[in-house]
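Look at the two complexes coming up: chain A is in both, with chain B in one and chain C in the other.
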Partner chain A sequence: MIGLVIVSHSAKLAQGVYELAAQMAGDQVGISQAGGLADDCEALGTDAQKILSAIEEVWRQDGVLVLMDVGSAVMSAEMALEMLPEERRQKCLLSNAPLVEGAIVAALHAGLGEPLQAVNAAAESALSVPKYCRGQ
Partner chain B sequence: MGREITIFQFRRWLLAYAARIIENESHLTELDTAIGDADHGVNMRRGMEKLQERLQEDAQTEDIGTFLRSVAMTLISAVGGAAGPLYGTFFLRAATSPTNGRSVDLIQLTQMFRYGLDGLQQRGKAQADDKTMIDTIQPAVEAMEAALAARQSAAVVLAAARQAAHLGMKHTIEIEAKKGRASYLGPHSIGHQDPGATSAYFLFETAAEALTTFNSSGNSSERAA
Partner chain C sequence: MLRPSPRFLCRNTAVASDQWLVASNCRFWPLETDYWQLSDFILFLYILMTSDRKFQMENQFNSSNHSVVVTVSDPLGLHLRSGKDVARIASQFQAQITASNLSRNSGVVDMKSILQLMQLQARQGHDLRLAASGPDAAAAIAALCSLF
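Here is the complex of A and B:
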């Protein structure tokens, strides 16, 4: 079973995505969130140390998948990975999945006990699933 | 070689940098309003206020490497926008450069800036002329290296860095943004000075002031502390 980390510039958005994902995941999947800045919950931004703590909080031997929103979230997540010990870094993956859809899909697949790469592939495939078919 | 640059001077440098950024918050906000998301001033001010607090608490820090790591961690946690991981990486990487513990010679100082620049380029993946802080920092580091190779003094090396940084910052007015939020504007970004290049310039402006003065008022009490 893998762990999931939700990263957003906004603490409220991270909390909301966390709730959506947790509803799909079942009890076995660890999910944590790193939204906003450590010292200032209202400020928008990402914090590599907060992301690092979130990864450590849900650490699983099978690995951890990190889902991010936009812009500097990616740079901050890359920094967090570099702060991990080498053996953990290799089992930690940054996902290209869209945050909301990706987190829901990842939670579902993680709950089925799928390995890290498979969960990520499923989450990233959420990019290509249309939400709405025009003209039908 | 001249006198070595001490940890006290590093501390004065970053206190001066924090003050300069806070003074210029509205200027940075204006620049970022024109081509970005208007948050660079407020983000940097928040980071610098935290840095000031940290520098007050850490007055006794043992060595320059630890000191720079502490600066990096403060900026990573407190700045928020892309500038947080970027400045954080600059100082984190600079902290891995060789020192003599509580001081550096001019060769080590120049190398420290080079380490920071290399880290920054790896993190942000920006090149020269992308209209980013790299356009300030890269020519400044190259000017330091050239002045060092010409066996100049610390004052001359840092003055050269400051001048190159200033030219680099002004050059961002003429070019189109290729990285960051401003790149969405394409050619419309031309004519505006880059906010990140501007906050990066202050790093060299304050370095030229603080790293070349040895006997300011605080020095003897710092030594006694």
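Here is the complex of A and C:
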């Protein structure tokens, strides 16, 4: 079973996405969040050290999938990965999935015990699924 | 659309899983035209040359197709949390399982995908057609029916 990390500029958004994902996942899926700046959770921003701690917190032998919102969240996550030991870095994956939909899908599939790559593929498929079909 | 005659179907029920088996087991050669009618020969070639058709034939013989129409009873409709249970149950089966919202005239979606289930936009009272094909299709439909 893999672990999930939710990264957002906003601590409140990360918390909200975390709650959504936790609803979808089984008990065995570890989910952690890294939202806002390290020293001031109210300020918007991302912090590589905070993301690193979040990855360590949910570390699983099967790997960890990191879901981010936009922009510097991706860069901070990359930096966090660089700080990881080599053998852990190889089992850590940054997802291209949209944060909310991706977290929901990833949590569900992680709960089914799917491997890291399969969970990421399912989450990234959210990019091509419209919310609803017009004209219905 | 070309449809196989009932007589042709009967002959091939035992060997429909492999198109080459069909050829060898039936000892089908053009010389034995007294054994096989020309129409059967044309049909045989047609199936041999179209993999789609072959797939349909296999489906027809080796696995089962089941479908059912259910009405959404949940006052909240098919929402994220109930959809999660549907996707989870559906994922436990090998069968390909699809759903469409008859009340909205929707397209067909994969029931193993939570986001596609949400596309159905199913409210209370909507009719959904669930369809499954594969070895455990009947069990899948039975399990999913109980969720609505």
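Here are a few things to note about the model shown:
Rule of thumb we're sticking to: the second predicted complex is superposed on the first by the 136 of 136 C-alpha atoms of A that agree within 3 Å, B and C clash if a C-alpha of one lies under 4 Å from a C-alpha of the other, contacts with A are read in each partner's own complex, and residues count from 1 in each chain.
What we mean here is this: contacts are C-beta pairs under 8 Å (C-beta built on N, C-alpha and C of every residue); 3 or more make two chains touch, one makes a residue touch a chain.
Remember, it's a predicted structure, so these values are computed and weren't measured experimentally.
Per the definitions stated earlier, placing chain B and chain C onto a shared chain A by superposition produces no clash, and the two fit side by side. By the touch criterion defined above, A:Ala126 reaches chain C but does not reach chain B. Within the superposed three-chain model, A:Asp40 lies in touch with chain B and out of touch with chain C [touch as defined at top]. Once the two complexes are overlaid on the shared chain, A:Gly111 sits against chain C while remaining clear of chain B.
In the superposed pair of complexes, A:Pro98 makes contact with neither chain B nor chain C. By the touch criterion stated above, A:Ser76 is placed in contact with chain B alone, chain C being left untouched. When the two complexes are overlaid on their common chain A, residue A:Gly63 makes contact with neither chain B nor chain C.
Computed from Cα centres after superposition, the angle at chain A between chain B and chain C reads 140 degrees (steps of 10). Of the two partner chains, chain C is the only one touched by A:Met24; chain B is not. When the two complexes are laid on top of each other via chain A, the two nearest Cα atoms from chain B and chain C are 30 angstrom apart. Taken together, the chain A residues at the contact with chain C in this complex read 20, 23-24, 101, 104-105, 108, 111-112, 122, 125-126, 129-133, 136.
Put simply, chain C touches chain A in their complex at residues 80-81, 84, 87-88, 91, 101, 104-107, 113-116, 118-119, 121.
Here chain B touches chain A in the complex through residues 39, 43, 46, 50, 73, 76-82, 84-86, 88-89, 123-124, 181, going by the rule given at the top.
Residues 9, 37-40, 43-50, 71-72, 75-76, 78-79 of chain A are the ones that touch chain B when the two sit in their complex.
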